[in-house]
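Take a look at these structures.
What follows is a pair of complexes built around subunit A, which joins subunit B in one and subunit C in the other.
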Partner chain A sequence: MEWLLENRTRLLTLGILIVLFLLAISGMPAEEWVITALRGLALGALTFLVAAGLSIIFGLMDVLNLAHGELFMLGAYMGWTIYVRPDTVIDGATPFLLIASLLVLVPLLTRWVRSLTLPDLVDKIWPWVGLAAGIGLLVFALFQYPLSTWDLENYAQSPISNAIAFETGTFQSPPPAEFEASPVLVIGGVIVGSGLLALAAAGFSARQTTLRQPSPTQMRNIAIVSGGLFALAFVVLAINNPLTEFMLGLGSTPRFFIAMALASVTGALLGWTIEVTMIRPLYDRPIYQIMLTLGLGFIILELVRAVWGRPEFQMPRPAVFAGTGEGCPATSIGDLVQYQCATIEVLGGRVRMYNEVFIIIVGLLVLGAVALLLQRTRLGMIIRAGVQDSEMVEALGINVRQVFSQVFALGVGLAALGGVLAGPSLGLSNGMGARVLLLALIALAVGGLTSFSGAAAGAVLIGLLQQFIIKYGQIGINVPFMAEPFKPSPPLVPASSVLLMVVILLILPQGLFGRKE
Partner chain B sequence: MLEVRDIHTYIGQFHVLEGVSLSVPKGSITALLGRNGAGKTTTLKTIMGITPPTQGEIVYDGQPIGGLPSFEIAQLGIGFVPEHRAIFRDLTVRENLRLAERNRGDFERKEDLIFNLFPDLKRLIRLRGTNLSGGQQQMLSVARALVPDNRLLLIDEPTEGLAPVIIEQLIEAIRQLSAETTVLLVEQNFLVAQTLAEYYVIVEEGQTVKHGMMADLAEDEETIHRYLGAA
Partner chain C sequence: METTISKTTAERPTLAWLRQNRGTLAVLVVLLLLPFIIAIIDGQSISSVLANESGNSKFFQGLLIEIFILGLFALSYDLLLGITGLLSLGHAMFFAVGGYLTGILIKSFGWGLVPTIAAVTVAAIVQALLFAVVLPRVKGLTFALVTLGFASVFHIVVQSREAAPFTGADVGLQGVVIPAFLDPVDQRLRVYFIALLITMVVYFLYQRFVDSPTGRVCIAIRENEDRALMLGYNTFQYKVIVLLISSLTAAFAGMLHTIHQPIVSPNIAGLGYMVIALLIILIGGVGTLSGALIGAAVFRLLDFFIDRWFGEAATFLLGVIYVLLVLFVPFGIVGTWRQHSSQFTHQIEAIIERLRPKKENPE
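Take a look at the complex of A and B:
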């Protein structure tokens, strides 16, 4: 009873939303509203994957990561590359692993640099010289490195053509790229270049007085990781051709799942790197952090434009969701499994398996997994406590900064997963990040900024609202005293979510699930 | 056990501590006294590493800890019971206690001790922090500092805003736990401080102005009146 009284505004708002939903579907044939609702839920699921990370990061760390949308987009492009062009990824893995193996050594090198005594002037200048030399050498070596990839200048070899060829099953991967210069020199250049870069980074970080020394166990672990990455780089190089053939020989379905997993993990690693190197030094200056993430978003956008080009292109659906021949659209689950249909008939309407079912399932799985993580694990307990008072969590003896990095990695990993998932449904475009970020921010405001369940509810609401407005744009709403049905025009779609946000914030300033501070 | 020498701390632009020194002998309860805004809470936060000192020395068990991040200071065996309790609202009582574990199983090992001191908590174990009364939150806050093997407890205003019955219960609990743990206690209520502490330190405008045995202070009405405003 007390709970009911306490939450009456919230319950009333939810009640009104449900009534509005019922009104919205009352004039519609069942198959249409079911499909529209599924589309709304799918859009909600994608928005949720971005909003979830945003909300946990904001709640725990007070960092509004404005680069989150672009990281979603980067995830989509990375996923596309792993999916359509695994040969490129495998070729690029060796230099990537080599660079990473040397950069992880920075804490050890910092320790060593600190023990040096150099003349003042040399001490000031050498990291800059190292940085310039390292970048120069690395860029030079990487341009010599053989990479079998697409060609933005040549339409037949562009990502657009690659995607079409992949979908029609006519994709021919180019012959394996060969070293033109001496392999020893090129690989040596990558190693020396990234070594110089790591040394320069150590030179800069040695200047920070507050930096803590790594413990002996940490130093041992760093050395093991670095050695492992270094060795792995050469293993990948040695088995490059068989590995490429194996990946290209896999069906599109396993490749798609590999792409989802690999892009999420890469996204998480990227998130971890961003937190440790850029966000961490700025916890005392929140405004700088916001500017940093905003700038980072632009840099990622330009990077994507430089590597994958500006035009939009498709990410073909995996085969298991693409069948159109005999037995399709499926009328039963049995048919669906047997013929791997792209669509299934529900109440006489056709529901697309990937866009309207699979995305929702993944969204639900992530929702469940993150909810379990938050409620059942120690990390989740620390996150929930830290959202309220991270200072006190630290005073209990918990290294909150380390948890910050993990949470940032988790958030970016989820966004990258969302990007890959969105690929086959929305296609890949330079604008997809900004669009989803706007939706996610609105979802957060609607749901309550730091509430994880609020992020989920807000995302679903926004998704449903947008899809129903689109639907009514097609069929029109019968308004009394008007001869023609009213058809909401397309610009009303984004405007409607902002309007919903305004209305909800007027009634519930903390959002649906937010809490008064 | 703990030596604080001439620490200076800034909060933003404000020079809050302008030379606090104090010493907490092992196995004792030392009361940190002073008027509102004298710098008592900031002193505890500075020892805890939450507001690091810009100057001065803090030595715990022979080891300098000034400037260490607060989680490392806590890991050395210092527990903090902050002003206003800082209970985690969304966590249950059990989760609040579990969060304070430094090693797996800390809570199970201390369960009996904690529930002996605060029998109420056992009954409330599944409740969320937000549903506890002020007194229950305070008990939980003290209990939380007992979960790991802390050797020094910094307790900030434990009796503030609580009913007399609860205050008595807390006094008893702090007295019992001080048998094994050293305590630095900030307390506005002079009677409570007098009952519990053996030593006292008085701070005024961010500086230590007096220290000594509590028994002596109790008879020094002029000092009490001048620095604490109590009769």
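Take a look at the complex of A and C:
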């Protein structure tokens, strides 16, 4: 009883939301509302993949990562590249791995640089010289590096026609690019350039007065990782052509799953790098973190525009979810497996397998996995405790900051996974990041800023609301005192969810599932 | 205590004020003469500048007017974020309401300038009160999110098909006929002087405000709101005052924007435009006021030249500059300069102190 009284506003709000949902359902026939609800759940699943990371990152380290939407977008474009143009990815892997293997060495180099005694003037200047020389050499060498890629200027070879050709099955990858200059010189240039860059970075970080020395085991691990990356780079270079042929020979379904996995891993690595290099120095200045992530978002957006171009294009659906013709739309599970249909029949309406079923399944899997991680593992326990009171956790002798990088990596990895998933259903565009960020922020605010389950519930709520309003935009709402049904225009759809957020925050400032401060 | 009183009474207040602001006043004089100086360097006659003939001078007047408008906008944001510590992500709405209202009233309703000014004032007060209604319920980041929500709704509504007859949807408001005596093309010199005057007056008023007891309480709210509350200040009241001032300034900056551009694009209502204000005060120095104006000048000129030299890559470079600023120059131009100059003056004072012969205490 007491609990009821305490939570009466919350229960009332939930009740009103349920009544509104029932009202919305009663306005249309059964097959239509089922499809609309499925669409809403799918949009909710995509929003959830972004909101989950945002919520854990914000809860644990008080960083509102405003670049999260753009990272989602970057994940989508990376996924598209792995999926449609694996040759480009394999070509680019070698120089990327080489640069990474040398930059990983920075902590070791810092230790070495600190033990040096140089004349004052030389000590001041050399990192700048190294930085300029390293960047110059790297840019020069990378421009010489052969990369079979698309061409933004030429429509026939642009990402759009690549995607269309892939969908119709007429895509032919261009002949593998060959070294024009001597390979030894170009690869040597990349190695020396990134080596200089790493040295310069070590020179800069050696100047910091408070520097944690890596322990011997850490140093050994760093050396092993670096050596491994270095060796991997040459392995990839050696088997470049067979690997490319193998990837292109794979069916579109396994390739799509490879793209999902690779893009999430790359996203996670990117997130880890961002946390370590840029966010970590700013934990004492909270407002600057928000500004930094805003700026980062702009940089990523411009990068995407420069590499993949401005026009919108679609990621082709994998073959399992693209079957049409005989036996489709499927009426039973057996048909579905046999003909690999794009659509199935539910209550007389057609449900698209990829857009409205697969995305929801992946969303549920991720929800379960993250919930398990949070509830059942030691890392999850530290995260949960850190969200509640990170100072207390530190006082108990746990290094919370070490968890920060892992959590940031996890969040960005999930966002990148969401991006790849969204590719075939929402399409790839420069604006997708900003749109999904707005949705995720709303979901977060509605569900309670730091609550993980709240983020999930908020995402589903926002997804359902958006899809039902879009549906009513087609069929119209019968408003009393108006002759014609009112049809909200598409731009007003996002406005409705924003309004929902404002109203809910005004009634319940801590969100639907948040805890009172 | 004795000495400070005798000092202020020895000098007339106006003189003291002039002495304190001699740097700003010098800049003001230079800006007043700048159109003519550019003309002379360029070999144009003064009379042609007065007649608003096209040339380099007129072009730079246009650029400077944009700087003034951006400066006003950034000033109003600095008062919220830098002085009072209120993180609002809906500040572009403050600006865009002024801009759109001016355009719509002049274009669709044929209002004169004076009633338009009155309407913009009312609208600015109303939107500040709208933000104020939310204030006691939501704090910190939730306030930022709610303001972001308000601004997004405004941005979406302005762009929507339903509002197209008034706002021109995503094309923007075009063909606003500005009264002839303020025509941005034929009377640019006049617009330039008016914008300069408004900017300077607002800047001095802001400085006066921050130095006043009310302003000091605002700084206290930024530093520690609970403590200010405990000392007996009704912090809500002070925040409302700040919101009102900020909203009025931003709305009039938006009005100037419409008068200068004759085109209102929906971009000015978006999150991106608020980020520009953030970038400007970051360049100039958060919470310094003068940093907002200097930052606006640096930002606009940087934008202009980067755009001219690098074209497409301009936004990317601006993003990189922005991130580097956050990481390495967090106090901005004015903030860093103040830090160093205070160190410098401290050193000089220490030296003087050491040189001065020890005197007996008069007490």
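Brief remarks follow.
Everything that follows uses one rule, which is that the second predicted complex is superposed on the first by the 510 of 517 C-alpha atoms of A that agree within 3 Å, B and C clash if a C-alpha of one lies under 4 Å from a C-alpha of the other, contacts with A are read in each partner's own complex, and residues count from 1 in each chain.
Basically, contacts are C-beta pairs under 8 Å (C-beta built on N, C-alpha and C of every residue); 3 or more make two chains touch, one makes a residue touch a chain.
Since we're looking at a predicted model, the values are computed, not measured.
When both complexes are overlaid on chain A, the residue A:506 reaches subunit C alone and has no touch with subunit B.
Subunit A is touched at more residues by one of its partners, and among subunit B and subunit C that partner is C.
Residue contacts after overlaying the shared chain place A:124 against neither subunit B nor subunit C. In the superposed pair of complexes, A:399 makes contact with subunit B only, with no contact to subunit C. Once the two complexes are overlaid on the shared chain, A:438 sits against subunit C while remaining clear of subunit B. Applying the stated contact rule after C-alpha superposition, one finds that A:278 touches subunit C and leaves subunit B untouched. Legend: residue contacts after superposition of the two complexes on their common chain; A:381 is shown touching subunit B, with no touch to subunit C. Note for the complex: subunit A touches subunit B at residues 212, 378, 381-382, 384-385, 387-389, 391-401. On the side of subunit B, the complex with subunit A involves touching residues 48-50, 69-71, 74-75, 80, 82, 86, 88-91, 95-96, 98-100, 102, 144, 148. Interface residues of subunit C facing subunit A in the complex, by the touch rule stated above, are 81, 87, 134, 137-139, 141-142, 144-146, 148-150, 152-153, 156-157, 159-162, 271, 275, 278, 282, 312-313, 315-316, 318-320, 322-323, 326-327, 330.
Contact residues of subunit A toward subunit C in the complex are 64, 278, 281-282, 285, 287-288, 290-292, 294-296, 298-299, 301-303, 306, 434, 438, 441-442, 445, 449, 489, 491-492, 494-495, 498-499, 501-502, 505-506, 509.
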